[in-house]
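You will see chain A twice below: alongside chain B first, and alongside chain C after that.
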Partner chain A sequence: MLETAPEAGSDKKLGEPILTVNNLVKHYPITQGILFKRQIGTVKASDDVSFELHRGETLGLVGESGCGKTTTARTILRLETPTSGSVIFRGKDIFKMSQKELREVRREIQVIFQDPYASLNPRMTVGDIVAEAWRIHPEVLAKEKQQARTLELLEMVGLNPDHINRYPHQFSGGQRQRIGIARALALNPSVIVADEPVSALDVSVQAQVVNLLEDLQAELGLSYIFIAHDLSVIRHICDRVAVMYLGKIVEIGDEIQVYEHTAHPYTKALLSAVPALDPNAKQVEHRILLEGDVPSPADPPSGCRFRTRCWKAQEICAGEIPELILRDTDHPVACYFPERPA
Partner chain B sequence: MSDRVAITGDIELPDEHVDEATEDRVASLWGDAWRALIRKPIFVISALLILIMMVMAVFPGLFTSKDPRSCPLSEALQTPSAEHWFGTDVQGCDYYARTIYGARVSITIGLIVTTFALTIALVGGSISGYYGGIVDTLIARVTDMWFAIPTILGGIVILALFQNRGVAQVSLVLIVLGWPTMLRLVRSSVISVKETEYVDSARALGATDFRIITRHILPNSLAPVIVYATITVGVVIAAEAALSFLNVGLQLPAISWGLMISTAQNRILTSPHLLFFPGAVLSITVFSFILMGDALRDALDPKLR
Partner chain C sequence: MTQVPLQTRDLVAGKPAVPGAPLLSVENIHVEFRLDFGTVKAVNGLTYHVNERETVAILGESGSGKSVSAQAVMGIIDSPPGFVTDGSVKFRGVELLTMAEKERRQVRGERIAMIFQDALTALNPVFTVGWQIGEMFREHHGSTKKEGLDAAVELMDRVKIPLARDRVNSYPHEFSGGMRQRVMIAMALALDPDVLIADEPTTALDVTVQAQIMQLLSDLQEETGMGLILITHDLGVVAEVADRVVVMYAGDSVEKGEISDVYHNPAHPYTMGLMDSMPRHDVQKDRLNPIKGSPPDLMAIPAGCAFNPRCPYAQDICRVEKPHLHELGEAGRVSACHFVEEVRDARNRSGSRL
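Now for the complex of A and B:
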């Protein structure tokens, strides 16, 4: 069932997937004791997550804080070791690779972080930050070409190349995020994982950075995994969207499917919370107020993780975990009682 | 996909402009710290005092023409005068010359012990903090146990085993007993830096552990360690004096402030200058290093600026 999931219902012609995530699970043990640690529980940060990313596409991962978006991203980058599951990049599982193969993959999958103040080494100049990629992978670019390429990259992301010798603290948040983007581009990657790249920025600067990312995608044919909790930003930049709740994808589809033909009650609730800016827009349905808090990922509810806060929940929801499949909907949804297009 | 958002990157917002006046000034964090330091009177004073002590240690001849080892007994126990600025000791040696020559031992031990303890701390603390897990548990617990040995008491016990105690033996003991605090400091500093996103992006670029530790983690965790190391120089100098005073440190005929104080204790009432001068110079030296440490802390911690 899962193989059909990402393509289902999409009219857009999608190429071969460049990156496939299969049943990715990341559990963090909760331990106690100083010398002899024993496990007293697990945090199920990312639980059975599967999706595909196609060439030149932007896939959005959206959800509340703590729903496992960042853990999923970090695991794909192999900054974390997964509990189980696989990430197939160009036909090979990155978790089964040798150090040498992994080095090659690192050139292809790059990252942009959320906090522009924490993601740049304060004791390195902008030039050194961007050029570090080539110090690590000297085979990519000859030493004498590095300076010129750094200037080119700074120009490309909209920074003044004269500032190559400045330090990060001399730049604003938006400019720092551009430095982070230049660093990610240095190795000519094919996939960029952007972990909330605009959440920490002012709204006007957010738009600039989002537009820059779109321009770079058009120019360089990049694929993005774009993580955000802001539904409007996601809608603006993403071709496809996966909605996460408590470590699981509850709904995945293209932009129209998720935003217009919303099937999962959780997505419905999230969307109803987005303030409408256009007074002429069709009357937004009444705001759905979710009761209670997100349950602890260390002790998630049985069956459907959302059932404790769902107004549609019935007995069946507490039993088997609903699979992410087509249920008379135009895209896969993990709910026994999905909303269906009228 | 929807239309482009109204504001484009081309519009020049104040955000995108850093004033051009600062164009050529390359302001690294170390550079900033240095500029902040030289404006601090406390730093300038302590640095000058330390500089004087250093010169005294290397070229004592610049400060006195007298030989600290020429001791005519006929001139014993004189009070300070134009001839003998600090008076003379029980052997008749010029006390000023002895005080000057005493700096060498103190400064040498202070620097040697701090350098070696710092090296142990940087290597051990980085490995422990960066790799975590069983390696960290091992290093951190051994450090904690070592940490529990009191420096002076441990020094007395170990040094009592040596028949001949010179600069090397005293330094060795102080190194052996002195590294744990510094290692704990390096370790905690490394742990806080290794979680940062710039370390993660270096890992995502495929950087080796060595590169991550030396290029990203250590430069950013060094500030508190430098502060502590500076203070340690002072503390070690005081510890050497204490050990010598307790007769388990340096042995005569070595010239050291601690030994001078030790010898002076029998004549505190009759010749108080014998205690006063080495005591004062020792205090000033230790104090200078501690002041310097404080000034460095203020300059290196961006949060206090």
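Now for the complex of A and C:
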């Protein structure tokens, strides 16, 4: 996995997909009763999600709370049992793998979590946290080389290697997130799933971690699935972006396509809600203020799930669910009345 | 909506208001927390004021003292361990810090109200929202239960909670995050305050809901003419709603000014660093330019300028002498940097502007 990353932003130059997600579905049953449990409904957390992750690229999953972005990522790693669908990694379906094969895949696909406080064991030193992965995967690195490699990894993520014997509470939030990144890199992964890795950090520290992730990608040829609710961070770090609403991808394309040639009304509303950094921008005047709340994923609207809040909705939107396809747009969109570039 | 009779508006807890004084002014306020293992200096000399119909943003990262300073203004710091050791907080010219608790209570809620970041923890889970909103009227105006509930319905309508009459007897957990924040706003507005302090009111909310809540706050401000103090770390929200901004670092203000002046021509290396750290959703940016290091430990704030270990322009004097806020050429602009002019020149030359 040391090929150079393909150039960002253009679909044509992207290499072959390293990970292909096909029609992934994750439903959670809602049950009632204690002795005689019966299912009274389903929460459709992730519903028919498909995308490809290419070698060396960063794919963003963006959406508001409850849109299914984290469930989708966790199901890909089989941290949640999938309801249906397939995820092809190196030619094999992760959902059909034996435990032994799955272990190997999880070495190659590592995760960075949101909360740098909760995701590190407070009773282990930094050195032990990073080296723990090699206890589970001893084939990756011989024991006598582990100390040296740990120091190297700490250095690589911008921590002082002298702090190898310190405990997590002795570090700030940004430094803890760096420890989490060092731990993820210990097994030489090819894919990293980063679940809101910078949302708990202050702006000035967030920028440091974003830059670190970009540097590591360029150096190691990593592919990222980057989950975030912050549209600005997503635009900055991602080559391609998938926007999710109520368990479904509503549009997917490269960063320019999604942000500049926005096709789905939901994405338009989402982008217009982000305050501009310029006090003279007068963005408020062009803002699309969505009414009400996101419907419950246990009882989503028929047809297009956004139609109950959409200003363009017509009768057809309540019927068939719109497919995520090209509709005279330069990227796939799941809307019967997409915005088209003028 | 029960209106306080007009003549009492000129009295603050029985004391005459000073004509022409700002609605709320905070001067040189210091707050520290005396803990077993040392003293945390949370606020170290903050000064600002807010007028009617005006929105002042207090911008800072975690640990900058922005929330603690607001709690000091409200008089809700747990003491001990927290102490306001110096400074003054005046409402319409009347000093609040030396006021007896009984009088202070008449100001708190009735004249200065506050909303908090986390509406779920700020609301009591075992009482209905109608009961909690109504409590304001029962406590301060001696209203009956029935009157309290009617007033609650009216307020819930006003903050645009749909089907208020049906939902007045619901519990906080039955509401979504955005609706809970509306309930908090309804409680804060119950007694028609002159000043509203909003402490990170939208931080826990999704961006589309944030837009709804900010719109609501600005409509309500338009309607009542209240002064709004917005405490936040979000530069975007500040840019959108504030008239003036106070940038805080390690318990002190590093610069203040009219919003567009501060954003277009920042006068402190910390403010510049914040702007350069921000990714943009509306512009492509090649590389973020973060501030190095992390904010100081408030038990060991660096000597001289608190920002000096992270500042790319720091000189010897910055490590020794604490820079005081001084006026710049432009109206209302102050900065606490020894080298404002040099720093601004360097930034303008490098062409890094918003």
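By our rule, the second predicted complex is superposed on the first by the 322 of 342 C-alpha atoms of A that agree within 3 Å, B and C clash if a C-alpha of one lies under 4 Å from a C-alpha of the other, contacts with A are read in each partner's own complex, and residues count from 1 in each chain.
One rule holds in what follows: a contact is a pair of C-beta atoms (placed from the backbone, for glycine too) under 8 Å apart; a residue touches a chain by one contact, two chains touch by 3 or more.
None of the values given here were measured: they were computed from a predicted structure.
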Checklist entry - So, does A:204 touch the first partner chain B, the second partner chain C, both, or neither? => result both
Checklist entry - Is A:270 touching the first partner chain B, the second partner chain C, both, or neither of them? => result second
Checklist entry - So, does A:229 touch the first partner chain B, the second partner chain C, both, or neither? => result second
Checklist entry - Now for A:259: first (chain B), second (chain C), both, or neither, which partner does it touch? => result second
Checklist entry - Taking the superposition as given, does A:175 touch the first partner, chain B, the second, chain C, both, or neither? => result both
Next on the checklist: According to the stated criteria, A:316 is in contact with first (chain B), second (chain C), both, or neither; which is it?
Outcome noted: neither
Checklist entry - On chain A, which partner's contacts cover more residues, chain B's or chain C's? => result B
Next on the checklist: Output check: A:218 vs chain B and chain C. Expected answer is one of first, second, both, neither. What do you get?
Outcome noted: neither
Checklist entry - Does the superposition put A:65 against chain B (first), chain C (second), both, or neither? => result second
Item to check | Residues of chain A at both interfaces, chain B in one complex, chain C in the other | outcome: 172, 174-175, 202, 204-205, 207-208, 210-211, 214, 235-237, 255
Next on the checklist: Give the list of chain C residues in touch with chain A in this complex.
Outcome noted: 61-62, 162, 176-179, 206-212, 214-215, 233-237, 239-240, 242, 259-260, 263-264, 273-282, 284-285, 287-292, 294-295, 354
Next on the checklist: Which stretch or stretches of chain A touch chain B in the complex?
Outcome noted: 35, 74, 77, 79, 102-103, 106-107, 109-111, 113-115, 118-125, 132-133, 135-137, 158, 162-163, 165-167, 169-175, 180, 183-184, 187, 202, 204-205, 207-208, 210-212, 214, 235-237, 239, 255
Next on the checklist: So in the complex, the part of chain A that touches chain C is made up of which residues?
Outcome noted: 64-65, 172, 174-175, 202-208, 210-211, 214, 229-237, 255, 259, 269-281, 283-284, 287, 289-290, 292-293
Checklist entry - Given the complex with chain A, which residues does chain B contribute to the contact? => result 1-2, 4-9, 13, 15-16, 18, 22-23, 26-30, 137, 141, 196-198, 200-208, 211, 215-216, 219-220
